[in-house]
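Here come two complexes built around chain A, the first alongside chain B, the second alongside chain C.
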Partner chain A sequence: MATVLSGNGAAAWGFRLSRVQCYPYYPITPSTACSQQISRWVNDGAMNTVTINAESEHSAASQIIAAGKDVRSGTATSSKGLLYMIEVLENAAGGSIPCGLFIGNRATGAPINIWADNSDAYAMRDSGLIQLFAADGQEALDNIIQGYRIAEDLGVRLPFAVNLRGFTGTHAYEGVEIPQEIDVDRYLPPFAPLNPLFAPEKPVTYGAMLSATFYRRHKRNQMAAMSNVAEVALKAGREFGEIFGRPYGLFEWVGDEKAELVVALMGESASPGDAVTRHLQGKRGIPGVALLKIRLFSPFPAREIAQALAKAGTKALVVFEEGLHHGAVFPPLAQRIATATHLHLGTDAPKVASVIGGLGGSEVRQDHFQQMFNLADNIAEGRPYRTEPYWLDIAEDPIFAESEKEAAPQLWKRWGEVWKKQARKEKYFDPLPKNTEEIRIYSRAGQGAITSAVGFTGAGIESGLQLLTVPAFGSERRGAIITTDTLVNDRGKRKIRSFNRAWDVVILYDDTILSSPEHNVLEGLKEGGVLLVNTSRLRVTKIREILSASESRLRVFTVPASEIAQGLGLSHLNMAMLGALHRVYEKVPFEKAFGYYEKHVPRPRESSLEAIQQGHAQTTDREAVRAKKERRLVVSGDFLDWRPEDHSYDLWPTALEEIQLG
Partner chain B sequence: MKLLPRSRPRRRDYLRIPSARKRWIRAMNDSKPNTQSGSQKIQDRAHLLSARSRHKEYLVSGRLVTIRDPEAGPETTRSDAANAGSKSHMVAPKTLTVAEVARESPDGIDTQKVLSEMADIGPQARLLLVRSGEKLMRAEVFEDPRICMDIQRGAVVENLTEKPADVSGWRTHEFFIDTKGCLGDECGRCAIVCPENAIHLMGRGPGSFHEIDPLACKGCFICWVECVRTAADCILVDGKTFDPTMRSKHFGE
Partner chain C sequence: MYNILYNRHIGTTPHSFLLPDPVLDVGEYGAILTTGLSSGHQGCTGCGMVSGTNQVLKALKLTGKHVVASIGTGCNEVITTQNTSCWGNVSVDHNNFPNTGATLSGNVAALRALARAGAASPDAFINLGMAGDGGTYDIGLQALLAWIARGEDGIYVCLNNQAYMNTGVQGSGATPYGTHTSTTPFGKLIRGNQRTPQYLPDLALAAGASYVATACPVQHRDLMIKVQKAAAIEGPCVVEIYSVCPEGWKSETDVFHEITEWALQTRSWILYEAERDRKTNTVLFTLNHVPEKHVGVADYLKLQERFAGMREFPEMVERAQEVIESRWSFWQPVLQANGIQGGDKAHEL
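Let's turn to the complex of A and B:
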């Protein structure tokens, strides 16, 4: 039974189930919640682990290295924090210390940017760590357990890092299968140090100075251990599948077995690519397509990937990359793939093009993959293509341009001939089927929208659907307007993590959002979709009037959620809104969901449940009988102390946690 | 050149062993398990550190901090703790080659089976044995990934098997401690400051003295400068107790 967890929460479970014995950390967005969760477990006695509040990432890394000589150790970090760790991480690799890192991937600036890309992972590329990329929370959890298994293998003994894209990975809430402890113990043997620091009969020195001869010979050994990783990882992934039912390879091949056109990438951005690949598969006039999701980045499984591409008869390979390699011909992944294919396949190697996107939290959308497959098609046809990276979402530097006006003049001078020979083929741009139903909440930061969405996600998962909630996080202050998106998939077992951005329901936690000049709440709302507004002063007709939507098929509902909350003495209106959501969206049955809420609602539980009931009952699409005076909730201390993680973890404890914590 | 500058007595004052340190050295020597009185002495002057830990108390006597359980009655010194814990301390796992397995035939494994498994791998085959006390926790055959077998995994140096290098060629002067001048275990300053750990205390109590290991001494002069007796009649350099040129170079006199 899947439990609702964020990517960070899943990573924390990975460390917990791996029985990490020492976990020093220094928090940094977006991986903070992982460390926070672990220190909470340690405080509650659920984990028998030493946590250290380090004074910097540099110290945290030094501490996992020191501890890793005797016990299993790990930490989590991101961005500049990882860069600060790199100085000592080479000692972990050189010292053959199998410690573990979870990285919520984030841009490294300047300019400062807290959102996702792979800059940090690429910066640590040459530190000698094993680098695994996870596509969602489940994979992060599984990869951490497997990471320890691979890193501690007696033929390897190297540190590892598990990467998950910041926010869309680390802060996305979805159903995660938490493996049983007993199974993990069967899979991952207890830590065995090869050269413990505290064994008095055999004192050892780590990090002694070595002259050229010995240094050189040691580095030869280190590389030999690294070259064992691919084989060990394959075995570990296979055995993981045997025990937990989720086998892992060095990469995942999604799409046709014979694929002329392949898009290669790493990590969470594969979600929209997945949807596009399955959509394009078997379409008339489109050759075989596949998505190559690379899981093991370092050491790069060059031979295995080259063989897979040769077997599939790939002609054109477009490598999508969320990071840069300043001054190099291609960014890191494209460069590794190009080297691999040319070394192993020679003149039969597919043509490799590079595309850069997703930088600094840039959205990676379905239409990007449509463009990339179109580009691959052109390359396979023998049309000329760039020998430097293409970029996504740069208006002055589009992938397809027909005239000089569409591109920056200096680029047209250089690549004009290439642009002129490209063909934009409409068959690649057919809109994707809307297989999912999507809900968007507009709220003010601090109103508890994420809490209610996470609760809704949990209830949905329990009723057998697949749900995904991705809140938007930013530099907004409390009170700013934020969005929280939830995806509901009721078709089959295959997980969908890609939003179509066509909303079935749009919810406003605050009627003042209607007048925000920055937000058009009707944008993306489906024809015949629902707009649900928390208001006691506006009538349905008035709302239609404000939105100039008097004639449209839009269905408008109102609920006096603030009033309900105030009546019950609650400081948050989110529970009343949760009840109201069930009234306007019935895919998750209210009766069933209420059973879930009875176990999991935030404290005070009685009032919260009552608020859900009242919100559900008082939602209406009619004219409100009496227009009430606007009421404002009193801001309480609880309200000001609000953290999204607190709500999601503390107030929505998972069933399993409750059992374990008694 | 003035041979005995006026400032010398003051410097000598500065370099004299502080009385607190003398007491500490005595206490250290006395606190050996057999001497009850010494241990008693420490307790007399000891005070408890106001530590935040609920689980342990920290007893400070001189420069020695002893950790003990609260209200544990008689103190547990560090050395006692080490002795008491000898059963629970960490034991390094063993990594054996084929030849070593054949020779030792370790307890708890099917030697024949393991040997044939190792033979399949070849000369790089190793057997890892992890024990906790007498209990065998893990026995695993694996292939040693090293190419250069003279370097340990992680470039770890095994301190006890490492032979000290002969660095006598580094020094340009010969250093020798005159046993008549040396204060022995009353002092020990040179042994503490030696960066190469080349000075060792010989004997105990009156008549004890320090000795310089001629293979390990790099001739850095630190002991000579730091000697509480200002090396007046203690450390000989090239057989001389006093050399004005050298003095002026190292003491700036």
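Let's turn to the complex of A and C:
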């Protein structure tokens, strides 16, 4: 039974189940919540780990390296924090210290940017760490456990890092299978120090200074250990599958066995790529397509990837990349793949093009993959293509331009001939089937929308559906309008993590959002979709009037959630809104969900459950008579103490934690 | 903030005044065979730091515990670990320049984790940190103060040779006023180092250290007693050791003792210690050494060519003297209690 967890929460479980003995931490967005969760467990006695409140990432890294000589150690970081660690991380690699890092990938700036890309992971790629990329919370959890298994192998003894895309990975809430402790203990034996410091019988010196003769031999040995990783990782991934039912390879091949066109990438951005690949598979006029999801970035499994491409008969390979390599021909992943195919396949190597996207939290959407497969198609047909990276979502520099007008003149001068010979083929751009149902909440930061969405996600998972909730995060002030999106997939077992951005339900936690000049709440709402508004003063007709949607097939509901919450003495209106959601959206049956809420609802439980009931009961699409006086909730201490990272851990303790914490 | 108490007695005793458990009195140190650094180190002739390190290690070994040392990058690390280790039966963790304090914390955490798992007894080990003045006053200050603030049990030794000697004598946060270094050259316009040094014991006490002391290898009994006190006292302890550097100080290699004696005589280096009693929020300061007769700083400047420039400028010498007197004025209550005239007048014991 899956439990609802964020990517950070899943990573924390990875460390907990790996029985990490020393966990120093220093906060940095977006990976902080992993350390917060571990601190909570440690302070509640649920996890037996020595934590250190470090004064910098540099010190946290120094501490995992120091402690990693005697015990299993790990920490989490992101972005500049990782860059600050790099100075000392090489000591872990050079000193054969198998400590672990979880990285919530984030841009490194300047300009400062707190959102996702791979700049931090790329900056550390020469530090000598094993680098694994996870595509979701489940993979982050599994990879951390496997990371220790690989890193501590006697043929390896190197540090490792597990990467997960910031926010869309680290802050996405979804069902995660938490392995049983007893199984993990079977899979991952206790830490065995090779040259411990706290061993009077055998004193050792770490970090000695070596002159050239010894230095070069040492570095060669270090490289040799690194080259053992692929084999060890394959074995570890296979055995992981045997015990937990989720086998892992060095990369994942999604799509056709024979694939002329391949898009390669790493990490969470594979979600929309996955949907597009499956959609394009077997379509008329489209050759074999596949998505190459690379899990092991360092050491790069060059031979294995080259063999897979050769076996699939790949002609064109487009490498999608969320990062740069300043001054280089290609960014790091494209460079590694190009080298791999060139070295192992020679003249039979597929043509490799590079596409840069997803920078600084840029959306990675389905249409991007449609463009990339179209580009691959053109390359496979022998059309010319760029020998430097393409960019996504740069208006004056599109991948396809029919005429000069669509591109910047300077660029046209340079790439006009290439553009002219490209063919945009509509068959790649057919809209994807809407296999998922999607809900968007507009709320003000601090209203508890994420908490309610996470609760809804948990209830949905328990009723057998697959759900994913992705809140939008940023440098929002309290009270700013934020969105929280939930995806519901009721079709079969295959996980879908890609939003179509066609909303079945749009919820407003605050009726003033209707008049926000920056938010068009009807944008993306499906024909016949539902708009649910928390209001005590507006009637349904008035709302239609404000939105100029009197005649549309839109269904408008109102619920006096603030009033309900106030009546019950609650400081948040989110529980009433949760009940109301069940009234307008019945895919997650209310009766069943209520059973889940009875177990997991935030405190005070009785009032929260009552709020859910009342919210459900008082939701209406009729012209309800409302009190004229505007209701506003009193600002309570709880409300003021709210922090964006607070959700779910305190408020929705999982069943497992409940048991362990008594 | 803390209340200041002065110990009216001058001198070092093996026993702690404030803390309940007396430290081990090992008597005549020279009579017991112990090893400090093993042979083969690459220290310069006349290096004070090697001597200091040796004495620290000998003192700690006499406690019968196993020493786990986190050493910061610097001369001491480079000359003792090149291709081989000169640390004998000490376990050594060299983990870069800025993070000696952090590494110390990491090792303390590992020891705690091992103790929880029943794999080691914390009582059997001493966590030692060791770095130079650059690695302490400058690049390592954040990690050091954070380690002290965490209140972990351990000893941090700063080998203070008053500049970055390992990289070629650049000015550090511990370089005295007027000193010629490669980055504070004695020029026509700007004459040597223009700032006065910070004081590690002050910083450490402010951060919450349990015990701080200054020492010099020439007063070896004093140094070793202090290190052993630090080993016996719970919590973070900081010992700063005056380390003569013939290369950086541009002095002869055979005047190690003379330079140190002049430093003590002129009060350019003051031997003292301070113990904290957390219950009463009191720090007891003990002055360990009073010069036999008052000597002006000019005598200290003589044997070291790093001061050659400032020697020629009476106003600079005067300024250096002012720095010394202002620091020395702290001890007025002790001097008075002992009938010693302080200030700028000569005194006799």
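The rule is simple: the second predicted complex is superposed on the first by the 658 of 662 C-alpha atoms of A that agree within 3 Å, B and C clash if a C-alpha of one lies under 4 Å from a C-alpha of the other, contacts with A are read in each partner's own complex, and residues count from 1 in each chain.
Methods note: a contact is a pair of C-beta atoms (placed from the backbone, for glycine too) under 8 Å apart; a residue touches a chain by one contact, two chains touch by 3 or more.
Everything numeric here is computed off the predicted structure, so don't read it as measured data.
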Overlay on chain A: chain C relative to chain B, clash or fit: clash
First (chain B), second (chain C), both or neither touched by A:21: second
Touching partner for A:194 - first (chain B), second (chain C), both, neither: first
First (chain B), second (chain C), both or neither touched by A:56: second
Which of chain B and chain C A:220 touches, first, second, both or neither: first
Partner chain(s) touched by A:156 [first = chain B, second = chain C, both, neither]: first
Which of chain B and chain C A:94 touches, first, second, both or neither: first
Touched partner set for A:206, first chain B, second chain C, both or neither: both
Which superposed partner A:67 touches (first chain B, second chain C, both, neither): second
First (chain B), second (chain C), both or neither touched by A:48: second
Clash with chain C, by chain B stretch, listed 92-100, 218-226 or 236-244: 218-226
Doubly contacted residues of chain A, that is, touched by chain B and again by chain C: 70, 198-200, 203-208, 210, 214
Residues of chain A touching chain B in the complex: 70, 94-97, 153-157, 189-190, 192-196, 198-208, 210, 214, 217-218, 220-221, 224-225, 228
For the chain A and chain C complex, residues of the former touching the latter: 21-22, 24, 48-50, 52-56, 58-60, 62-71, 73, 87-88, 91, 197-200, 203-211, 214
Touch list for chain B against partner chain A, complex: 82, 89-93, 95, 126, 128, 130, 137-138, 140, 142-148, 150-160
Chain A-touching residues of chain C, taken from the complex the two chains share: 66, 68, 70-71, 77-78, 81-85, 87-96, 98-99, 101-107, 109-114, 116-117, 120, 124-125, 142-143, 146, 150
